[in-house]
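Below are structures written as structure tokens.
Shared chain: chain A. Partners: chain B in the first complex, chain C in the second.
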Partner chain A sequence: MAQVELKNLSKKYGKVTAVQNMDLIIPHNQFLVLVGPSGCGKSTTLRMIAGLEEITGGEIFINDERVNDKDPKDRNVSMVFQNYALYPHMSVEENLGFSLKIAKVKSEEIEKRVNEAVSILGLEDLRSRKPSQLSGGQRQRVAMGRAIVRRPDAFLFDEPLSNLDAKLRTQMRTEIKKLHQKLKTTIIYVTHDQVEAMTLADRIIIMKDGYIEQIGSPIEVFSKPTNVFVATFIGSPPMNIFSAEIINSNNNIKIKLDDNLYFDCTEDQKNKLQNKKNIFLGIRAEDIMPVENNINTSFWSFKRNVDIVEPLGTETQLFITINDKEIISRMYNPYAVNVGDELTFQVDPSKVHFFDKETEKAII
Partner chain B sequence: MNKKQFQNILIWTSAILLIILIMTPGLWVVLTAFRPQVDVMAKPPVWIPRNLSFNQFETMLFGGSEGSMGRSPVPVLSYLYNSVVISFTSTFVAVLVGTIGGYGFARHNFKFKNGYFLMIMLTRTIPGISLSLPIFILFSRIGIIDTHFGIIVVFVALNIPFTVWLTDGFFRQIPRAMSEVAMTDGCTKLQAFWHIELPLSKSGIASAGIFAFLISWNEYALVSNLARSTDSKTLTVGLMDFTAQFTINWPGMCALAVFIIIPALLLTFLVQKHLVSGLTFGGVKG
Partner chain C sequence: MKKFLNGPWVLLLPTLIILTCVVLLPLLISLWTSFTPFKLTKPDTLYRFVGFRNYERLIGDIDFWIAFGRTVLFLAIALNLELVFGLGIALLINKITYGQRTLRTLMMFPMMFSPILVGFQWKYIFNDNIGLLNNFLREFGVIQPIPWLVDGVLANISIMAAEIWSSTSVFAILLLAGLLGIPKDPLEAARVDGCNSWQVFKNITLPFLMPFVFIAMTIRSLDVARAYDIVQMMTGGGPAKRTELLWTLISRTGYVDAKMGMANAMSYISIFLSIAFTFFFFYKLMQSRQQLSYE
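For the complex of A and B:
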């Protein structure tokens, strides 16, 4: 149990800034996920919390105690690495008990805690194996077990699943979530995979170039992205972004996508957009739906030929072109669509996102 | 007989021939050590020994029994003592300093790092014997000629570059995450080194140790200049004691040679499993 607090934290490597003025409070028991493309500073942030990376500026507090100058060993956090970093010369049991041995914990207590971790993670049959005799998933489990036995204030996970194959990754993801529910400890988890971020997190931080782009619950960052980057990073497929123009004539505001495609603004949108000229329009694939005949007149609609059809089972992705840009529409309850078919697509205006063209920030 | 069998036979025959070629001089040394001088000097040569004895070893170690060649002219035990002290001490120091150096080069970044490394390696390109005269003059000026200390210093200097190079490679193989996870596991930097990185690189360190030991144990040219008396002469230099003005006591010399070979051989056997690396396999992603 611990609250982790970052105050104005930054990290520079020479002239390159990896993390820029980061302010953050992670309350007790929160599962926080730092997500972003590679090089966004998420791992650096995690390593600074662990004490493996010098802090260039700012402060880190764990349980209200300033830990800037504390060695990793004195911070009582456990880290799980991407490559597991199990000690190859020790058995599973020795790997698990190592931190306690170093801390000079009594051997009965070590055994008790190792047993506990072994049963939580289902490693009973592997106790005396060496890491080289384990599969990827088993190694991952041992690495987590090694973190558990210390009973740390916080767990730090650095892309722990990225070395596993897709099936195992899904499985381990669930296990990590279960583990969090069982242990009730603060977890800070770094990943570049937005699906992992969405499924695991209580709160997500999306980072880019050392800055925090948005903080929020998975649903918040998905439904109310604060800028174009977040909108396209979270969600799969990425949100469709159109460059659009606002046409304001006689208090009738229209959104112009291309010469033949205009949408009428709703009353609500008029207030937002009346002073704008150029904007980005964002629509998620699932909000551009093909319709057969039950056309809703309050929705925006347009006709397009289908370029590519990608059936995925529960849904089908249709690729269409608007203003030379490839757009994805997601169709549920699929029916047969052929390449070249002309379909009518509908968009619920209330599900549309607007971003300023210059700042790329959401227009609220 | 198919092609594969033929290949196998070819490989085995050439391997055996090669081994015989390499082993023959050694075998001849061993045989000579057990044969009487008459046999050794016989013309035409006696290929198959007619009688073997331990006389040479007895004479060498215990001063000889009644009726043999009399008291040993060569103080082998003093030489053995010198060899052991010099080889073990210089190996220990070279491995200690070299390992620390190798770790430093592998794990830390500092200015002119590559330059330093190159400089250390370049010292290996100078043939040791070319230094014997300067070292002799220097050592005699500061008064450490003919001492254990002087020879140890030379051997340490000779062995450190190789140790640094070898251990640097081994430490590089160990992922950094290994010591980092140890540190978040509660270790100090030193504990992480001691409990994790050192055991993982022990095959490298053992190899470095063996090489350093063999170089010290077998070195002849430099020591023959620096060692003047029984105070510091090593076994290899002692070999020359078997030469007199007109004669060479070949069986005696060979007996001492056998005596020199045995510990080196034993040690190599003991540590050979560490000479095979690959211990870190499996610790990280597989």
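For the complex of A and C:
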């Protein structure tokens, strides 16, 4: 049960600014994911909430109580570290029960809660092992168990899955999601893996260089990115971005991609683009569709030779060139395509994103 | 014979010869002398075998056992105090972020002096007439000079102070190395898990440090068990044998009284002390390493 609130939070290491004026309210029971490239300040934010890092500016509130000057032990949050940070000299059981022992909880209660965590995480056979005798995935589960037994106000996860192999990661992702539904606690989860962010989050925060670039639900940040950075960071493969020019001649607005590619725009887009000259245009790979016949006349369409073909099974990625820029198109229900084939591609204009060329912000 | 010359023995031969000359022969000779009434002044006594007579006499020798007991006590007190001070220094130095290297070097200074000089220096400090300490105390109104090296109890304390001053840095250095090697993550995890500083120290830091504590203990127990120079310089075992440790007693017996046979018998008994301590600390070292599951 906790609401975590960050007010104008900043962190500086000497001249390096790790986190810049962060404002955020995380309501009770929300699964919040902090995502961003390496070095953007995710860990620093988390560590400030945990109390492991001193705050340079701003305030942190947990359940409306200001915790800036509180020791980590008085904040009742638990943290799962990237490297698990298990106590090497304690068995799995002792690792799990340690925080309760420190809190002077009665031994029957400790046993009860440890048993509970052990069965939730499937650690039955490992109870008396030392961390050095566990595999990465098992250590990861112990680290989570250690966080669970405390029944904290909030969980802080710092890239807990980054050391696991792909299969185990997917599996643990599901486990964490289940755990959240079961425990109903606030979770702040740091990752630089956007798939993890999309699948787990109630709400995603995309950070860059210490700033928040966008906050929103997974669907929101995917379908309505507020700037070029978010557009290319969320989604895989990254959104295609082109330079384009707005040609405004006798009240008819056209978008010019290169000398031979001019597209009309919708009424709605006309209003948005009227006063613009140079823009960035963003189209996701799945919105550039190769078509054989039934061409939709209201869509943009153009012909291109395929440079590279990458079959992935359920889909095939086609690489084409527009205005010297490499563009990826995703073909669902793939059929055989050879390098050099000329295909017709179509784009639904309503799926196109526009960004200001100067500010790189979405044009709305 | 041919097989022997080609075998692994040939390769080991140089080592075996050196070991025999350097270790085995002196050991055997000294062991032999402990069964004779060998006196340095009468060389022919070396060949008179008297069986266990030296050992039998030692068992009834109160002076020897008092020196033995004092050495054990000295060792126990000095080692524990050095551990406490060394740990304190290491923890403090580990906290500071600026000038750590300089301090680490400074801390080694006492170890750079010969123990003879240390004994000499401390003898001067503790001298009841002209010593620095008594002069200093006089400034604060202690008119009556304190007989640091003359009173039996005070003399032992003075020697202990010199010993601790010169060797605490062994503990400090080793424990600092231990502290620097502790991973940061478990410490932070413990803080988030609800520990205050003392609980973090007790539950996480200390288990990590224990192997280093026992390594330092092993080294220092061997050192102290053969303590000689400082005591010899400061009191020579006096007054009235009140600061006599095993090795001052042994050297007096061997070189002053010239009873080398007896002295060697004493040495053989005292070696068991060192072996016992080494064995004990090594056992504890292994145990603490196992705790951390390094093994």
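Note that the second predicted complex is superposed on the first by the 364 of 364 C-alpha atoms of A that agree within 3 Å, B and C clash if a C-alpha of one lies under 4 Å from a C-alpha of the other, contacts with A are read in each partner's own complex, and residues count from 1 in each chain.
Definition applied: a contact is a pair of C-beta atoms (placed from the backbone, for glycine too) under 8 Å apart; a residue touches a chain by one contact, two chains touch by 3 or more.
Nothing here was measured: the structure is a model prediction, and the numbers come from that model.
*Asks:* Put the two structures on top of each other at chain A: do chain B and chain C fit, or clash?
*Replies:* These partners clash in the superposed model.
*Asks:* Please work out whether A:A103 is in contact with chain B alone, chain C alone, both, or neither, and reply first, second, both or neither.
*Replies:* The answer is both, since A:A103 touches chain B and chain C.
*Asks:* First (chain B), second (chain C), both or neither: which does A:S132 touch?
*Replies:* Both partners.
*Asks:* Counting residues of chain A in contact, which comes out ahead: chain B or chain C?
*Replies:* With both complexes superposed on chain A, more residues of chain A are touched by B.
*Asks:* Check whether A:K184 is in contact with chain B, with chain C, with both or with neither, and answer first, second, both or neither.
*Replies:* neither
*Asks:* Which residues form the common part of the chain A surface touched by chain B and by chain C?
*Replies:* 50-52, 71-73, 77-79, 81, 83-89, 98-99, 102-103, 130-133, 146, 150.
*Asks:* Could you list, by residue number, the parts of chain A that touch chain C in their complex?
*Replies:* Residues 50-52, 71-73, 77-79, 81, 83-89, 98-99, 102-103, 130-133, 146, 150 of chain A touch chain C in their complex.
*Asks:* In the complex, go through chain A and note every residue touching chain B.
*Replies:* Going through chain A, the ones touching chain B are 50-52, 71-73, 75, 77-79, 81-89, 98-99, 102-103, 130-134, 136, 139, 146, 150, 156, 163.
*Asks:* Taking the complex as given, what residues does chain B use to touch chain A?
*Replies:* Residues 175, 177-178, 180-188, 191, 195-196, 199-200, 279-286 of chain B touch chain A in their complex.
*Asks:* Where on chain C does chain A make contact in their complex?
*Replies:* 183, 185-186, 188-196, 199, 203-204, 207-208, 291-293
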